[in-house]
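Lettered A, B, C and D in written order, each chain numbered from 1.
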């Protein structure tokens, strides 16, 4: 068992090193020393994701060499998780295709199933759901649902599944109803601090330079409108978040919000270089308009896709995490409890009845 | 079976082997290639199209790796139609975005109000267009000539866990079934007065009563599906017996490794700048 | 009160080109209790979906109180013709029993005391008054089906259409469905039900419409439909009359579709 | 081979009240046991416990002893137990593997999972299809079949595992009359060939036809037990919420009305 983990770790480090060496002339004019400007940051995150996948493949190869199969990876999933996955894949594809092809709005809604499986069954199950979704979406699913670019973004779906699995395991999606106003205020402030902090950092870091949103005199009128629109959306988010928190009186609203925004930012970091280098920043969905707007405002290809990602992904993942939270809340308690991480999604008082006397659980 | 053994002795004429419709070979030589070979070709072509860049490279690549096999596989007509259908939304917006919004471009071709079409933009737009067509061509070729279940069986023979195979195969059947379920649910909710022809706001309000039952109804079936699978030995560890698996040959295995090696060479060359 | 009329109704499904309805003429008056029977594929469900506008006629027309149904949207028709589907899991989405039952009346614009009264009355009728806050998926399959019935009952439509209301119900469940139908009809509202349970049909409905291959082949009270001369039409649709009718015929006691009528006939001829 | 349940009780995870209490039951060779009872009396739970799915797959806690020819099976994994006891469910479509393009591959799914030699898989599959008379459906797409045939494919999928016992939880509950007759005839044939079956059903007429012994469950306990003819004629059946077979119901109504005489008995036997 240990051999596989060591092999995987070594592979991970090697890929990171190779990535850092080659990042210099990946055709984007970024010098190796400066990692943290726009092109460097998002390419770095992409290489991290590739390293993650390569490590997983090395782990699997080592196991195959040892046992002639992949039992340890697949056996982790009980039958119930395996049965849930195709449903999650279908939800991703049908909703994702409807949003991308029909609605043309700048969000994706293509990871509800991935996050649901992650929350219920853990990071590896979430990752596999994401991977199978994006692979089938391009290679196997017939039109009108087929999506050309999906397979290229497989890594993003894998990472979203892993994050959702960790959030579920950490109990972030466990309902915390009717908490005192004090607790709610505390949670609300912490969550807002994180989100606003990230937003301000992102704005000053990737939007502020030479791209004056609110400075009317020297930029194109179109971007004043976009600037105010985005500002408005952000204010609406803050008001909506606090309202939801205090109306539902459920502290988990804060956890879900932070999880959604953080996942969105990570997804944006990984998907921007793929979108820029493979598809020239355009994937046919509603997001293309934003990319075009940023290009018109003077950002180069890499920066424009990243700026679009930093807007669409956090909103999309925020909405997606809330939808998953509502699904979990609506699911019958008995169904949730039977999933590997089901117990961590129940309210504190709802744990299963302990074994006493001659009552015994399954031994096989 | 249950009770006396007599019931389980195969009745006369039961010496029928695996029926011919199981693993029926495809109509053309290209169809009959091993699914992993066709998958490798599609993936290598798509990645190569991106790494090559420019115009000539991808066009030559597409001709050799997509058009020729399509002719052999007698699917050229369908390939062109399906690939264009798949590539259209991306190709059109990619072309327009790059044509009009290419930053730092000087040679103006056309000015439309604040937006300017530039030559550099046109060049880049064409490059992206060819790249997208190459990718969708490669993917469509695979889609038209390979049954997904055949690739899954082939991977299972090579050691991939039957559970991962199950997820892939079941997903392919679940997508159309879920669309059918959504249609039935829409009818049921409309019968309860939900207005789908009204204003946008009413239609948005209609999303939860439709998407809700689709997801919750499917999840409610997970329990019974789990029990039915476990009642048929699904949890037995180790390899399954396969009724058949697609033929493979040393030559094709060689070809697969050759394709991967070529791609690797191309990437290393491209990154270390040996050729533009 | 609503009067439903179908005039030489034809419906051809786009994909198969199959004539699901091949010229149906049917009138359902206020307060009538009509059972629709026939083999799968005989057009029962297709006909029923024309009554609330989910399907539009290829030829002929459907009128509600004289008004042509095509002039009204499904949402408008839903306020007059309530349809309960066979599979409850194809409609349940709310987190609680009450929210699920409120969905229909709320769509019709009802609120406040009027809404609450309708919901309470419907839940009482199906025996779910005690489960108001329960998650629908924690109820068993048979009680989820009663929940689906309650969710349409609460809309207080003038016509109530039920698709296989007794499938998967035990004896008590069937009793509850019968009680609901009788109370709805008592208020002068009409009830149309598709069912394969011939005993339930004979004992609960005053009129039986037998369909085959998109046409009505028999239409009359149970005493005539289940009488000897109705049997050849019935058998052509692979349906068997209730046992009481068969026994009554063997003992040449005339038409005895229900237990009650058979026992009376036996008593009279003793 | 006999499966014996001694003092067995079962409680779902997180439930306060057990769903089964003090069940003593032997499933002997060649015996067909009918299981009746109102909804949520514990019929499904008993089927799950007898087949081993509860608590292995379903979770929850169990009490008492379950033995196979005397050997305690508590530690047996599900894939080993499923080769001795097969279990079928109400809904035909959720029993399909969703990964088989043809009925043949669907029925072969079980033996393939067991890893038996390929020729054995093929032989078992043809044998299972032949024993239910559906070898003609071998090439059909299982998803496209209607309820009755689809349920037969599900049962064939169990037979291919060569279990000694078959547990069927309301196999005809969601089927129309044609489907119900198809499945009922198949079960009757299996019973006649000496199969050991535990079949739960609301339709007591079907139990009267195939079962030699009948057990009536109420609130998780065995309320009535005995030979089918005796139990199904027991007056307490109705109080327990179980619909009597039609013939018995008619006889009882006649006796209650004081008109029971030989004519009715004769007509019912015919």
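In this text, a residue touches a chain if its C-beta (ideal position, glycine included) is under 8 Å from a C-beta of that chain, and two chains touch if they have at least 3 such contacts.
Being a predicted model, the structure only gives us computed values, none of them experimental.
J.: If each hop has to land on a touching chain, what is the smallest number of hops from chain B to chain C?
T.: 1
J.: Give the chain pair, either A-D or B-D, that is connected by more C-beta contacts.
T.: B-D
J.: Could you work out which chain's C-alpha centre is the most distant one from the centre of chain B?
T.: Farthest chain from chain B, going by C-alpha centroids: C.
J.: Using the average of all C-alpha atoms in each chain as its centre, how far is it in Å between chain B and chain D?
T.: Distance between chain centres, rounded to whole Å: 41 Å.
J.: With centres defined as the mean C-alpha position, give me the chain A-chain D separation in Å.
T.: From the centre of chain A to the centre of chain D is 46 Å.
J.: Please tell me the distance, in whole Å, between the geometric centres of chain A and chain C computed from their C-alpha atoms.
T.: 48
J.: Centroid of chain A to centroid of chain B, CA atoms only: how many Å?
T.: One centre to the other, that is 22 Å.
J.: Do you know which chain D residues sit against two or more other chains?
T.: Where chain D meets two or more other chains at a single residue, that happens at 56-58, 77-78, 98.
J.: Which positions in chain B are in touch with at least two other chains?
T.: In chain B, the residues touching two or more other chains are 162, 166, 170, 173-174, 177, 212, 216, 220-221, 223, 225-226, 229-230, 234-235, 238-239.
J.: Two or more other chains touching the same residue: where does that happen in chain C?
T.: Touching at least two other chains: 93-94, 137.
J.: Given which chains touch which, is the overall layout a line, a ring, a star, complete, or other?
T.: Graph shape here is complete: every pair of chains touches.
J.: Within the complex, which stretch of chain C touches chain A?
T.: So the residues of chain C touching chain A come out as 93-95, 135, 137-138.
J.: For the complex, give me every residue of chain A touching chain D.
T.: Going through chain A, the ones touching chain D are 79-80, 86, 333-334, 337-338, 350-353, 355, 358-364.
J.: Could you pull out which chain D residues touch chain C in their complex?
T.: 38-40, 90, 146, 170, 173-174, 176-178, 202, 238, 241-243, 246-247, 249-250, 253-254, 257-259, 261, 263-264, 267-268, 270
J.: Chain C touches which residues of chain A in the complex?
T.: It comes out as residues 329-335.
J.: Which residues of chain A touch chain B in the complex?
T.: For chain A paired with chain B, touching residues are 22, 25-27, 64, 68-71, 73-75, 77, 79-80, 82-87, 89-91, 93-95, 101, 112, 128-129, 132-133, 136, 138-143, 145-146, 148-149, 151, 220, 222, 277-284, 288, 291-292, 295-296, 298-301, 327, 330-332, 335, 338.
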